[in-house]
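Given below, in the form of structure tokens, are the structures.
You will see subunit A twice below: alongside subunit B first, and alongside subunit C after that.
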Partner chain A sequence: MLVHSRAGKWATWAVFLLLFVPLFAVPLLVILAASLATHWSGAFPSGPTVERYAAATSGDSLQALTTSLVTAVTASVLALTLGGWAALAAASLRTRGKRFLDALFILPVAVPSVVVGLAVLVAYSKPPVLLNGTRWIVILAHTVLVTAFAYQSVAAAVRRLDPMYEQAAAGLGASPARVLWRVRLPLLLPSLTSAAGLCFALSMGELSATMMLYPPDWTPLPVQIFAATDRGSLFTGAALAVVLMTTTLLVLAAVSRIRTRASYR
Partner chain B sequence: MTATTGTARTGAAVTATAAAPARSRTVPAWVWALPPVAVLALAFLYPLTLVVQQSFTPDEGGLSLDPYAEVFASASFRDALTTTVWLALGSTAGCLVLGFVLALVIAFVPFPGGKAVARFVDVFLSFPSFLITLALLFIYGSVGMANGLWTGATGAADGPFHFLTTPWGVLLAEITYFTPFVMRPLLAAFSQLDTGQLEVASSLGAGPVRIIRRVILPEALPALAAGGSLVLVMCLNEFGIVLFTGAKGVTTLPMLVYSKAILESDYAAACVVAVVNIAISVGLYSLYRVVSRRAGA
Partner chain C sequence: MSRATRATPTPAPATPVPTAPAPGRSAPTAPAPSGIRFDGVTVSYGGNVVLDRLDLTVEPGEVMALLGPSGSGKTTALRAVAGFVRPASGRVFLGGRDVTALPPHRRGIGMVVQSYALFPHLKVKDNVAFGLKAHRTPKAEIPGRVAEALELVGMATYAERHPRELSGGQQQRVAIARALAIRPGVLLLDEPLSALDARLRSGMLAELARLHRELPDVSILYVTHDQVEALTLADRIAVMDRARLQDCGTPRELYRRPRTEFTASFVGNANLLPVTVTGDGSVGLGDRPLTVPTGTAAPGATATLCVRPHLVGLGAGPNALTGTVTEVQWRGSTHRLHADVDGHPVMADLRELREPPALGTPVTLHFAPEDAVLLPAGAAGTAGVGP
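After this line comes the complex of A and B, so read on.
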């Protein structure tokens, strides 16, 4: 539409590929290739091997994966409950209350995640609530960090909700609890599941706050990847990274299946 | 603690007086907002106030501005501040230019597979940032591809690529990782642009450059502003990319918070840096909210 000549179009596409492929496609391919290589210091990796995957899916690494999964699922469920509740409560408030809740629940995005980690560390390393050294401090920090995203996506969906349905249900005599449970939540289900996917992906890759907080017996996968690359085992790090990406994508795909089934209801 | 929940309650109470008459028979609406606000206050606002409090408390105890004076006077803090700001500004500028060009091609010079590229960008967003640095280590690292090719071809003992442990390596990684955050709002804005406008401009004799400058750019400005300020805030707060380069020479504010708190156990100084970092990024993020609301995003 913008470029009409054939030569011009091909030139534009060539520039696009020259920018896009090295910047975005190559890094992911390089990680994938490196995770399968024994050695790489030329144009191409040498010696295909799956040994690293054997190592990446057993022992400490397997434990790191389950740690990440448990943390991400728990944090997503908590964040969805907290953020979804707040978004639904905000919808029934007038302008000022809504704006106040908006600002409050979006604040964790603006605060650097390292600082969220520091704050949680400072607050819960001393009585009355001593969480430092337990897995709960990591889960708490992840929940705080992803709640903002859960709130934002649910709030956006609530705004788009057609009020006719709930008014009709209420007019037919349904109690507010019944309207919420049988009308609003089912209508919100697609956005709730996509918010859950977002929270899960963010929590799976969270490194900044986790580095401040993790106890030795609760090391999530990103920390394990950093530990591997920091001691020079780049290839192990790459295999772990592929495990992380695959798990995230699999869960996201599963979550989006729920969404498509819900939208037929 | 009581102070934060106190302000939260009064804030909700203000709105309650407005909402109460409509629902006088049941529980007022603001009561339902209290539990999540209370949880957030306990999990997030209370820790945050402790950080601010600790930043005014030197090791000897008492309440003073000494920690601030000490940190502001240190060269490492001033270095970190300038590095953080110029890296964030440079990355944002790079992301805006690159994101604009790429989104322009996807939207207005469509090619087969363009949809797949747009979906790839979405997938890219769900990966953590440090993967980019990890990949760059394989490509440009001291024993990576590029240096290996060079030493193989010339027989030299050492390759020419050492920029990865300098700020330039961080800049490259940040531009790569954050460009999709600019492309997404731009693609959304372009999809709403009436292509008839482009056809009219084109049939009136305007060249592509002129069309971009006079028709597309004005339409894209709100999306560019919103995406750009979001990326600016995220770059200011980026930690994983800097940590993974393993460069001693590149220290940003989040990195300084980490090294002061975890490596040196100097919590007062870490809290001071944290407060500065919060001030900068919350200020910029509020600006982003205002801009994106104006843009109708």
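After this line comes the complex of A and C, so read on.
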């Protein structure tokens, strides 16, 4: 620990709570409170109810949750495959090629997601590739948006990987493919899972690009939350938000369990 | 050494020594080629020559140490054999086959690197099995071969552990077992002991010597900067400095009759004195006449006189050197005396002295003529290397 004295420790904790509570804890708690309320006219909500949760986990809302989950999982898997592949490829390129790939994969982060959404919409609204009106345009946009993060985190892990492992494996007679599948990927597994978690969380919360693209039969949960809030049903929106948050956290917890088991060092 | 006393708990086959692939067993790639030949191998990184026209042959079954300071090109030479660096010119042969253009995984060598590089996600037995699987050894054979290899290094009881649960010395053994499991004809060892502490190191040295006795057909290329390791283990030593091979010979030859100042000072300690040949069998250190074998050196030529410190005696005798004591180091069983003789530093390793001379007092040292070696002056770019 950096701070040794007892008073110093208390002071540090106090500063931490002072920053953490209003910035992170209060807004989330307010949503939780709102989702359970029927009225909120005073300082505190009143009339506790769980009715909204019944609504939020059935019918259209359940459909939206499934849509979000399918979109996020598909986009994460695609992003991890593409981004991870690119990161591994970049590692064996010369400086120039590496810079080019780095720049290419930072684009979706640098460009606002609304722009990405519009770009995807314009690009795929006419033949030969007509995706507009299908669920695939949403999944495609999410993949474009999160691949950048997959690339970044896998690339960082590849850079940290000791080249001695690959050389030892090659020296033992392993072909490049075997080195990749039996040595490099298993050693990268912790970073691959953390990248997957990141991609999943980002995709679950993505709204701005989705708004421009979603077809009526493929409405992800964030769009529902926005719609509910937009028409004034704040408490319904809050309940949906809690469902979204809980689902995401549960999936992330499951992913991090894989990661803990995969980290050997 | 302790071959009979080693426990044999594993159901290893009756032939405990995995040498060349036994007939009838499927071998990875024909019979494993033994012996290494460098033929004018030059390696450069971006115009910087790190290995300059190396010509060297390691016979089948021979242990060759590549000895040199860091940056001398010894590791590059090893990596050229393994296939991790591509020579700018020259050829590398393994067992008579030109492998210069082959990728590392087609060369069928065994290699142990400084950091061991055991795969952290695999158990010890799976680490050892890795090379066998890569060589497509039949599944049924693998457990036996793994047990055999682990047995050879005394690690059979650790098969189920992960590398992180092992000490440095144990990891080292597993790395050796992993390299030997594929029954290579050539074993490359890159500073294998440098990550171990001094006591473990001498134990592992004995262990490596035993391994080599048990695997007499394997050629071993052993890269090290430690002269003790090289002298103990090697059949021959190749001394490298500044990307070049400086000298090559048996440890005894290099120690007793070094050919260059660099070899003299790098393989064991040496007093190097600049002398002028004055006649057949006599040289002069300044005005001081000394009797040493001069060989073919012509009178008037300058040369370097090399005497090992432990062959220098205290007191009067043949080839007396008088000077003043500049330092006395007590080393337990010996005293190392540093003296200044006419401006030249001279070291003597003496059996522990009852009354070591005081600093600044005059001292007389001597050495027998047959213990001295005359080297060509400044041979093979050795500026700056002195006793």
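Details
The criterion applied here is as follows: the second predicted complex is superposed on the first by the 243 of 265 C-alpha atoms of A that agree within 3 Å, B and C clash if a C-alpha of one lies under 4 Å from a C-alpha of the other, contacts with A are read in each partner's own complex, and residues count from 1 in each chain.
As a working rule, contacts are C-beta pairs under 8 Å (C-beta built on N, C-alpha and C of every residue); 3 or more make two chains touch, one makes a residue touch a chain.
Given the structure is predicted, the values throughout are model-derived calculations rather than measurements.
Applying the stated clash criterion after superposition on subunit A shows that subunit B and subunit C can sit side by side. Look at A:Leu131: by the touch rule set out above, it reaches neither subunit B nor subunit C.
In the superposition on chain A, contact of A:Ala168 is made with subunit C only, not with subunit B. Annotation for subunit A, partner touching more residues between subunit B and subunit C: B. After overlaying the two complexes on the shared chain, residue contacts for A:Leu36 are found with neither subunit B nor subunit C. Looking at the shared chain after the overlay, A:Ala79 reaches neither subunit B nor subunit C. Once the two complexes are laid over each other on the shared chain, residue contacts for A:Val243 go to neither subunit B nor subunit C.
For the pair subunit B and subunit C, the model built by superposing on chain A gives 7 Å as the shortest CA-CA distance. Shared contact residues of subunit A with subunit B and subunit C: 176.
Subunit A makes touch with subunit C in their complex at residues 162, 164-165, 167-176, 178, 182-183, 186-187, 189, 262, 264-265. Remark: subunit A residues 1-4, 8-9, 12-13, 15-16, 19-20, 23-28, 30-31, 34, 40-43, 82-83, 85-86, 88-90, 92-94, 96-98, 100-101, 104-116, 118-124, 140, 143-144, 147, 176, 198, 201, 204-208, 211-212, 222, 225-226, 229-230, 234, 237-238, 241, 244-245, 248-249, 252 touch subunit B in the complex.
For subunit B in complex with subunit A, the residues that touch the partner chain are 8, 11-12, 14-16, 18-19, 26, 29-30, 32-33, 35-37, 39-40, 43-44, 46-48, 50-51, 54, 98, 101-102, 104-106, 108-111, 117, 120-121, 123-124, 126-132, 134-139, 141, 143-145, 147-149, 152, 175-176, 179-180, 195, 198-199, 202, 208, 211-212, 233, 236-237, 239-240, 243-244, 246, 253-254, 257-258, 261-262, 267, 270-271, 274, 277-278, 281-282, 284-286, 289.
Within the complex formed with subunit A, the subunit C residues making contact are 28, 82-84, 103-106, 108-111, 113, 115, 117, 119-121, 130-131, 134-135, 162, 164, 178-179, 182, 188.
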